[in-house]
Structures are given as structure tokens and as C-alpha cells.
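The chains carry the letters A, B, C, D, E and F, assigned in the order they are written, with residues numbered from 1 in each.
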Amino acid sequence: MAKNILAIGAHFDDIELGCGGTIARHVKNGDNVIMLVLTNSAYYNYDGTPIRTVEVAKKEGENAAKILGVDNLISVGLETKTLQYGFELIEIINKVIDENNIDIIYTHWDKDVHQDHSAIGRATLNAGRHVKNILMYRSNWYHTSFEFRGNYYVDISDFMDIKIASVKAHENEYRKFGDGWIEFFVNENRNAGQKIGCQYAEAFEVIKVFI
Amino acid sequence: MAKNILAIGAHFDDIELGCGGTIARHVKNGDNVIMLVLTNSAYYNYDGTPIRTVEVAKKEGENAAKILGVDNLISVGLETKTLQYGFELIEIINKVIDENNIDIIYTHWDKDVHQDHSAIGRATLNAGRHVKNILMYRSNWYHTSFEFRGNYYVDISDFMDIKIASVKAHENEYRKFGDGWIEFFVNENRNAGQKIGCQYAEAFEVIKVFI
Amino acid sequence: MAKNILAIGAHFDDIELGCGGTIARHVKNGDNVIMLVLTNSAYYNYDGTPIRTVEVAKKEGENAAKILGVDNLISVGLETKTLQYGFELIEIINKVIDENNIDIIYTHWDKDVHQDHSAIGRATLNAGRHVKNILMYRSNWYHTSFEFRGNYYVDISDFMDIKIASVKAHENEYRKFGDGWIEFFVNENRNAGQKIGCQYAEAFEVIKVFI
Amino acid sequence: MAKNILAIGAHFDDIELGCGGTIARHVKNGDNVIMLVLTNSAYYNYDGTPIRTVEVAKKEGENAAKILGVDNLISVGLETKTLQYGFELIEIINKVIDENNIDIIYTHWDKDVHQDHSAIGRATLNAGRHVKNILMYRSNWYHTSFEFRGNYYVDISDFMDIKIASVKAHENEYRKFGDGWIEFFVNENRNAGQKIGCQYAEAFEVIKVFI
Amino acid sequence: MAKNILAIGAHFDDIELGCGGTIARHVKNGDNVIMLVLTNSAYYNYDGTPIRTVEVAKKEGENAAKILGVDNLISVGLETKTLQYGFELIEIINKVIDENNIDIIYTHWDKDVHQDHSAIGRATLNAGRHVKNILMYRSNWYHTSFEFRGNYYVDISDFMDIKIASVKAHENEYRKFGDGWIEFFVNENRNAGQKIGCQYAEAFEVIKVFI
Amino acid sequence: MAKNILAIGAHFDDIELGCGGTIARHVKNGDNVIMLVLTNSAYYNYDGTPIRTVEVAKKEGENAAKILGVDNLISVGLETKTLQYGFELIEIINKVIDENNIDIIYTHWDKDVHQDHSAIGRATLNAGRHVKNILMYRSNWYHTSFEFRGNYYVDISDFMDIKIASVKAHENEYRKFGDGWIEFFVNENRNAGQKIGCQYAEAFEVIKVFI
């Protein structure tokens, strides 16, 4: 039976990096997938010149969603870097959950050092309190004072190409970060695969799983 | 010698659910108990129709306090769900502590997924930095990425009936949640009792205890 | 496709208490279930008079397995309370895993205060290093300096009666501990069900899950 | 009403260093205190020449107990450094608990780097599973991969002199370690006092407390 | 080769208390040290009368910096107690890092109970994501629900006098708190020294170290 | 000034995999490096036929040490898989430390699932209690119930070739595990490098560092 899946990201590219392979697999399985991106994902130099504009971020995000096979992309358009844990953020997520009878949520790790990521991770814990499956992903590896516990593995061996393509669809970011950006996540997924016994895997931290 | 006790809750019913038996026991022992409820505890549907009004919440909260035997109920009346960890919340709690020479604080678990609960739990750590006993309770069991450590047990066998009555005094909530709501907490208190060797117990996480 | 399931317990009754409902569900689903019980489960008063004999423990354990629908009960017969984390215990478990191509392991929580339980939990981490799913259960609730993280829920609503019957098949223990013994676990499973949204559930701590 | 207190140490001097003030206070309050020392506390150079003999350790341990006001000193006499977590150690402690109806246990921190200390700490968790209060102390500060959580404070301001005298009664150790040994613990107790608001305090990690 | 060092504090005196000896040592070694103090450090009674004025705090902070040998003191002047984890705080710190090619950051412990301290500690994790060394210090010892892990020791034996002088330069605070304030930190540094094998040491929690 | 370095491994190849680059760098810097390998590293099929003989393991281990530039290889020759945390293991390590005035220890992660690894990691905590620097490495990535905290990075960019050569010197293992074995560690070191800002890095968990 088709499941209702919600993938939540702060910025265009977070979902792709953190759980793009898993999303592509859900699509292949016929599940209903919603991608919920909270910010407009634009950002700027100290002098205000844009590194990534609202328009480019959105267009590339839409392309990436298409590559993953996701039609339902909800872009909330909050200002990048300004997310705060609290009522408003919780309610936005809560509403999407309530209206779509969500079975599984993929969300940011609540201890990520990026303020937008951690705000979303924490908000999801509250908004998703009645959802039966919550799994957290990482889309960066900056150091914090907690350790990510990768304990839920999804075999994405058949979807690695799609994942990479969806990340590369963020051409503006790809130009900026270069191939090292791709290489890092490929290495992570390859080693996660070795840990669990398949070619490529995405690793999540379990908040709750219901069988 | 009578002790000065401060029980802090976000909403009318939190204190009752989390430490109602312990409060009733303090009252029985002749201690001075203050119940400090931070929000007006009203909440609404997405369309703005109230599920619980300010007036009902307050009236039922007052009834519950009476059942527990507490005269000193301080209702701050902040908007439900809007509490944020920070200066203002800390100062409100700080002032109550300073004016009442508090010996023991019962407060929310600082890692609770409800934003009002965690804000209060965290604020209490700062506001209560000079108080000699701080104990944290849970008034819901939603999943987070930390685990509650129940390591301080209070025998409430003689006060279980009062606790249940004080929870049921929240008639609006009781109608909404039904008997499963009561049953959950009775089961928790019963099993906590079995763990420590009495009929019913409330379990707290110790921040600090002074003997 | 039928899966190969391994449930590991120190003593006759641990598996039943910790994951009896889950086991009954696997049997119902047509999976191949092995119950591996490491000790003979006998124990004695300080003066050497038996509280539970080898023969009674075994016979009642066999009855319990039958109630759960499990034919394949492996009884290793080590002395109760003498299990130690190390080579021998790891090898015993390792061999059962290698010979049966195990997909999912249910084992003791590695931080349980009972020495037999923790030895098995730790040994399983090594023995099961190439198994794709390891889940830990609790069969007692004594206090330790770590907290169990119940984050994997199995709906056992349709199997609660079977679970209770399998526990009561340990007549010797049931006589000793009385109905409070049953009540404790029923309450736990009932509240776990409330937490995740079903009638009764068993909660496990995830070591790794592979999808 | 007088309580039955059990203080457990690996070597003569551990109890004095870790909870000597608390023990002296219990004695003053009329409680029944048992000191249970598991090893003979002798130790040797690599070449076998004794640094501390069985006889000296015992005699000085008895003197220290007297200074604390404790008559009931049980010396088990196991070989120093050879303690292992397991059946035998658990049973020794279990028996003392069963025969003396113990209300409160003070024991080693289960994560102490000294093998004798951690073995006792872990064994106490099992042996004391039905005891209502278990508190862990530190008697050294070597680094491990866990952090001690001092969250239960006992005001020992009136008993600091007795504590120091009981430590100094271990003349052999005092000669070896010098005044820095005493200074370290005095500083710890003084700063613990500052943290909780008294002159001198001993800090314990709570396993469980029952009120 | 001279290193670029950034010490971050919420209030004038935090850096001195938490890492004053380490700063003095960096200065002695010829490193370039920046002290970044985020608030104006004034605070008031409930009735609004100042306990510490903006002017006094700043002047004494400048004196303290001079005693440590630091010329580069950046005072941001935000309101005391109002710091919040988020975009603005992160950007302020980020800019100082970017403009000064920082090698090592000393910052507040991200779990400190003071809201200004924890906001800075968390903000540094993000702002310093590309800095190779981040170390956290404590400047108070109030209880929280996490434990500080002191695992990076700096020998400050030759700089203890300078540290004490820099703390005492905060005459307004010193008058208020008295010698117990100094004594507490001297005891901490002395015992940290004993733990690691020198006379006085400051202990930090490692976020990341790069060799 | 040359430092005295001790690298401890359970089996021939553990040190190479976990900290081979760091060791090669110490050698290059002129430090005195001791490699201490506790077991003979032989292991067998269930039927007793050797997968790796004592002789082969030793010879290849000696070759690997030469590749790293280490002359001082101490091979204790205990039986593989039989190591237990306790007196004997602690004393062996203690003696090497005492006789060589060790400044820095690299040892197994104390929570590794392999019994030999964790026994050594734990034993080092005690044996190295007076050593000023202890760092833990991983030489496998099997799942446990704790998470490794990589927070101390060593730039091994110039030593990656040597490290790979030293691992491949274990020809018997290399034949068995194939290139995936090498690939896994190269990916780990490459991604660790990306995390900290260099080409290749080895990541350790800090127990204590002294500056």
C-alpha cells in the first residue's frame, strides 16, 4: 500500500544530500512524497551581493525534485538563516502533516550546527508527535557537541545516480563547492553501504519506527 | 520544618499530571506550596475556534489546585505555545523564587518536545541556580532524541485518588482525551511504584538534591 | 518472503517478557523463528535449595515456546548467573547466526543490570556484526546508570493474549512473583501502544535497522 | 527512625575519601552503618616488594573506621586489583544487603577507571536492585570516557575534620601521596559546598532515591 | 609561528575566569589574541538600580585585558542577558573569524545554564565551522542536565598570578562576590593541575583539535 | 624535543588501520614510537583450520611496522579473541608505559564491539592514568550502542601512501577482504580531511590532551 512520505529541508539541496536516494526509492515504490522546503534558500556576502538568489535556488530546487520524481514540492520561502525553533515553525510543519496523513518523516538532525537545520529538527519532534516514523538525516558534517547515531540504513544502490544528478541540479552550489562536495557524500553513502552490507546506503538516526 | 515548594507548569494540568501526587503529599506534610502556571492554557483549531478557552482553562485549573490543597496558584497568562527560552521567562521564574525562599522546585523536563515545556525546563535551570533542589517531571511522553532518567521516586500511594481527581478536574481536556489519558498516567505511576517498591510513585529526573 | 529471526535470552522467560508478542507475530507471518536460551535458568537460595530447577525451567520454557508457535528452541544450558562477556559466549551466538542466515536479531539490552543479560547483549553486538537488523529488549526494569531508548515499536495488539499465556506458562515463576509480574508488562505494553498509536506494543532500542 | 546504611569500597581508604563525611554524619544521626571493603588492599612493586601490606592496610582501615564512628567493618579480603564484575562479587554484596535490610547504599562509580572500583559499582547495581537508594561516589579522578554527574549533595561542614582524620589514618598511603592527596579532596568538597551553598559537601551521582 | 587566537565571552570577566591563564600564555608565546565580549555586561536589581553599570564593566574589562596582555578587545555592547542563539549572533562572530583568519577559538560551553553563555557557545559551533580548533570553557558551575567534559588541559602554572590579577581587576564583581569567588576558581585550576600532572591547569571541552 | 609515543593494538593491522598515518608522521618528526600488539593475531575457522597463522600474522606485522618506520614492535602474543579487561592486561600495558616514559598513547576505542579492542581500550584508561595524552582510534566500524566522537584530527596527507602500504603489507588479510577494505579506510580518511580542512586526516576521540 502506498505510504505518505514527508521530507523536510531547510534549504534547496538539503533533502537531496541527506536523503535523496531514499526519496527516489519511495517514488519508485509508488509512495506519495512531499518535499517541504522551509526557506527561500538565498544567501549573500557580507556586502549584500547574492551568492545564491531566490530565483536560482527555487528553479534549481524544482529541477532537483523532478529528477527525484517528486511532483509535490512545497516551498515556504522563509528567509534563509532566520529560522527559529518555536510556535510558527512548528505550526507550518504541523499543518502539512495534518493535511496529508503522513506515515514517515525524514527531517534534519535536531543537533545540526546550522541554526535553520536544528530549528527544523526540533520543530519536527513536536509537529510529528503523532506520526509513527521519524528519521533524521545529516546534510553537513560540521562538529557539534553531540554525535549523530546512524542506525537506520536504506539501500540506495539503485538510486545513487539519481541522487547525484539531483544534487548536481543545484548548479549554483555545485559551481561554488566543486566536485569535493559530491565526493564527500558519495564516500559517506559508499561507506554506509559497507557498514550494512550493500553498495550504497543512506544512514538515519531513528527517533521512532513503527512496524 | 515546613518547606517552601514551587511547582512550575506551562499549562493548567501539567503539574497535576507530572507531580500531582507529590504536591498533595507536600500539602499533607504542612509544606508551603506554590503552583506557577506560565500560560493561559487556551488553544485553538487552525481556523481559530477555541478547543479550550482562557476562562475554562483557568477555572478548571483553580479547581484542580483546590483538590490538591494548594491555595497559592500563580497564573501568569502568557499565550499558549509561545514560550521561548530567554530573559523574560527566566526573570518571571527568578522573581517567584527570590520572593518565596524556595527549597524545592518541580519543573518540566528540559528536553520535552513541547516548546512551552522545554522553555520552562531550561529557564528553571538558570532561575533556580541557587535553589538547593531541582527535580524535573514529564507530563507527556512524546519521543525526542534524549531519554528521561527517572531516578527520584516519591511514594504517592496515599495520594493517587487526589491526583486522579485533580486531573479529572480539567473536564474540558478529559472530555477530549477520554479515559486513556488517565489510564496512561495511572499505569506509569503504578509501574514506577513497582520499580521502587511501593504501590504508586511519581518519578523525577534529578538536577540536584541537597541533604 | 519469510525472514530468519533469532531471539536471544539468558533465561527461560526473558524472550517471552521482552518480545513475546513480536515473536508470535513473526510466527503468524510465516517467518522462521529461533529462540536461543543461553542458561539452564535454574537458581537457588543461599543454602542451595532450588527456587527453580533445571528440569522445571526447561519444561516450562518449552511450553512457552509452543504457545508462541516456535518449534526451534535452542537451549545451551550454561549455569545461570555465570555468563561472562567474552570469546565463548560470542562464539556460541556467532555459530547460530552463521548456520541460519539470520535477518533480524532480538537480544537483551547491553546495559541491563543483570550480568547474564548484559553479557548477552554485548556479545550479540560482536556476533551480529554482519547481521542487518539488531534490536534490544528489556525483560526487567532495574535501575542502571544508562537509560533505555525505546524507539522501535511493534504492534502486538493481536498477540497480547498469546504473550501473556507464554509468560504464565512459566508457572514456577508466576507462582513466585504473582500477578504484579504480569501486570507490569501489560502496563508497559499498553503505554507503549499509547505512545505510538495502537493498543499494545513492544518497544525496542535500535542498534541497526536495514530497509 | 534509624536507617541501615551500607558503604562499599574496594580498598581501605576509598570510602573515607569518597563519602567519609557522609558516613560520619549518618553515625552522628544514629543510623546503623556498615562499611564493606572487598579487597585486602595490599599492593606491590613489579618486583613483588610490598608498597602496602595486608596487615598495615587492615589496621589502618580499622583505625579509620573508628574515627568515623563505625563499628561494623566487614573486610572480605579479596586480592587487590583482581575484582571482576560477575556472579561472585554480586553474591557477596547481595548477601550483606539481604542480611541487613539496607536502606541506602553508597558505592563506587560504575565507570571509574580502576577495575576494582568499576567492578563493585556495576555489581552493586545488580545486588542493590531492590534497595531504595543507591548513590555513587568517586575516590579518584582519573579520566575515562564518561563524565561523573554530581547531583546529590550532602552537607558535611560539621564533619570535615573527622573525614580528614579518617583519611590520614591511612598513614602508609599518606606518607606515599603527601599533603596533595588531602588537599585535592578538601578542594573538591569545598567547591562542591560552594556549588550547593554550604561550606563543605560531598557530591554523589544518583542511581535512585526514594522519598 | 604566531597563531591567531579568538577568546569569546558573554560578559566582562567570563574569559578571565574560564581561560585567563591560557590567554596570558598565548600572549607570552607571541600569538595574536582577540578578546570578543558580546554584551555591555551591565546588570540591575529588579527595581532597575544598577549592580554593575556599562561604564564600570567596560573600564574594568579593559583593565583586565591589559593585565592579560591583550590589546585587541572587541566589545560589542549587546544588552546583558538578552543574547539569543540565531542569525545575528552567529554573524557577529562569523565576521570576526573571517576577518582575522582564526586558528583557535576559546568559547563558552554550549550547555551552560546562563542564556548568554549557551547562546554564544552554540553560535560559535556554527560560526567556527571552518576553524580548526574549538575549545569550550566554563565560567560558572551551575547545574544543568549535561556534564562538562574537561579533556584538554593547558598548563597555566606560570600564569596563575596574572589570571588572578585579571579577575580581581573586576573590582565591582570582586566586592560583590568576595574571596570565595577567587577561591573557587583557584581550587578548580589547582585540582585540574593535579589531575593532569602540573601545578595549575585550565580544563576545556574539546569540540575539535587539529594537529 | 622528541616525544615518546605508544600505539597499542589488539591484532597486527589494527594500529595501521586506525592510526598508521599518524605513526608515520611521528616517525618523520623524530619521535620514539613503540607499537604494542597484544595478541598473536592468528584466527581459525570453526573446524580449527587457520585463516591466519601466528607466523604469517607476525611476519606481516613486522613488515608493516618497517613500512611505517617503527623499529620497536612489542608483540605480546596472547591468544586472539581471548583478551579480558582486568589486572593482567592492565599490568602488561602499565609496564610498557612505566619503562618508556610515554607522552602520548594511541589506543583502541573503549566501546568497540570487538572484545579484544574494548578490553585494551578500557585497560589503557587505567594503565595510562598518569600519561598526559590518550587518544582513541577505530579500526572497524561495527555498530554498538555508543557513538565514536572524532574530535582530534591529524593531518596525514603526506603519509597516506605509507599508511596504505602498511595495511597492504598484511597480505593474508588483504587477500581475504579485498580492495573494499582499503577503500573503506581511504574514504574515511578523505572525508575526515574534508571535515577539518586538509586532504587526508585520521580522527581520534580525545580522552585527555595536555598542552
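The rule is short, and it goes like this: a residue touches a chain if its C-beta (ideal position, glycine included) is under 8 Å from a C-beta of that chain, and two chains touch if they have at least 3 such contacts.
From a predicted model like this one, the values you see are computed outputs, not experimental measurements.
K.L.:
Given that chain A and chain F are copies and touch, would you call their interface same or different according to whether over half of its residue numbers are shared?
P.N.:
Same, since over half the interface numbering is common to both chains.
K.L.:
How many degrees of rotation bring the Cα atoms of chain C onto the matching Cα atoms of chain F, given to the nearest 5?
P.N.:
120
K.L.:
Taking the mean of the C-alpha atoms as each chain's centre, how many Å separate chain A from chain E?
P.N.:
Distance between chain centres: 36 Å.
K.L.:
Quick check: how many Å separate the C-alpha centres of chain A and chain D?
P.N.:
Measuring from centre to centre gives 51 Å for this pair.
K.L.:
Going by the touch rule set out above, which residues of chain A reach two or more other chains?
P.N.:
142-143, 151, 207-208, in rising order.
K.L.:
Between which chains is there touch?
P.N.:
Every touching chain pair, ordered by label, is A-B, A-C, A-E, A-F, B-C, B-D, B-E, C-D, C-F, D-E, D-F, E-F.
K.L.:
Tell me, which parts of chain D touch chain F in their complex?
P.N.:
46, 81-82, 84, 113-115, 142-145
K.L.:
So in the complex, the part of chain F that touches chain A is made up of which residues?
P.N.:
141-143, 147-149, 151, 180, 183-184, 187-188, 190-191, 194-195
K.L.:
Under the stated contact criterion, what part of chain E meets chain F in this complex?
P.N.:
130, 132, 151-155, 196-198, 201, 206-211
K.L.:
Provide the residue numbers of chain D that touch chain C in the complex, in ascending order.
P.N.:
85-87, 90, 95, 98, 110-111, 122, 125-126, 129, 134, 136, 205, 207-208
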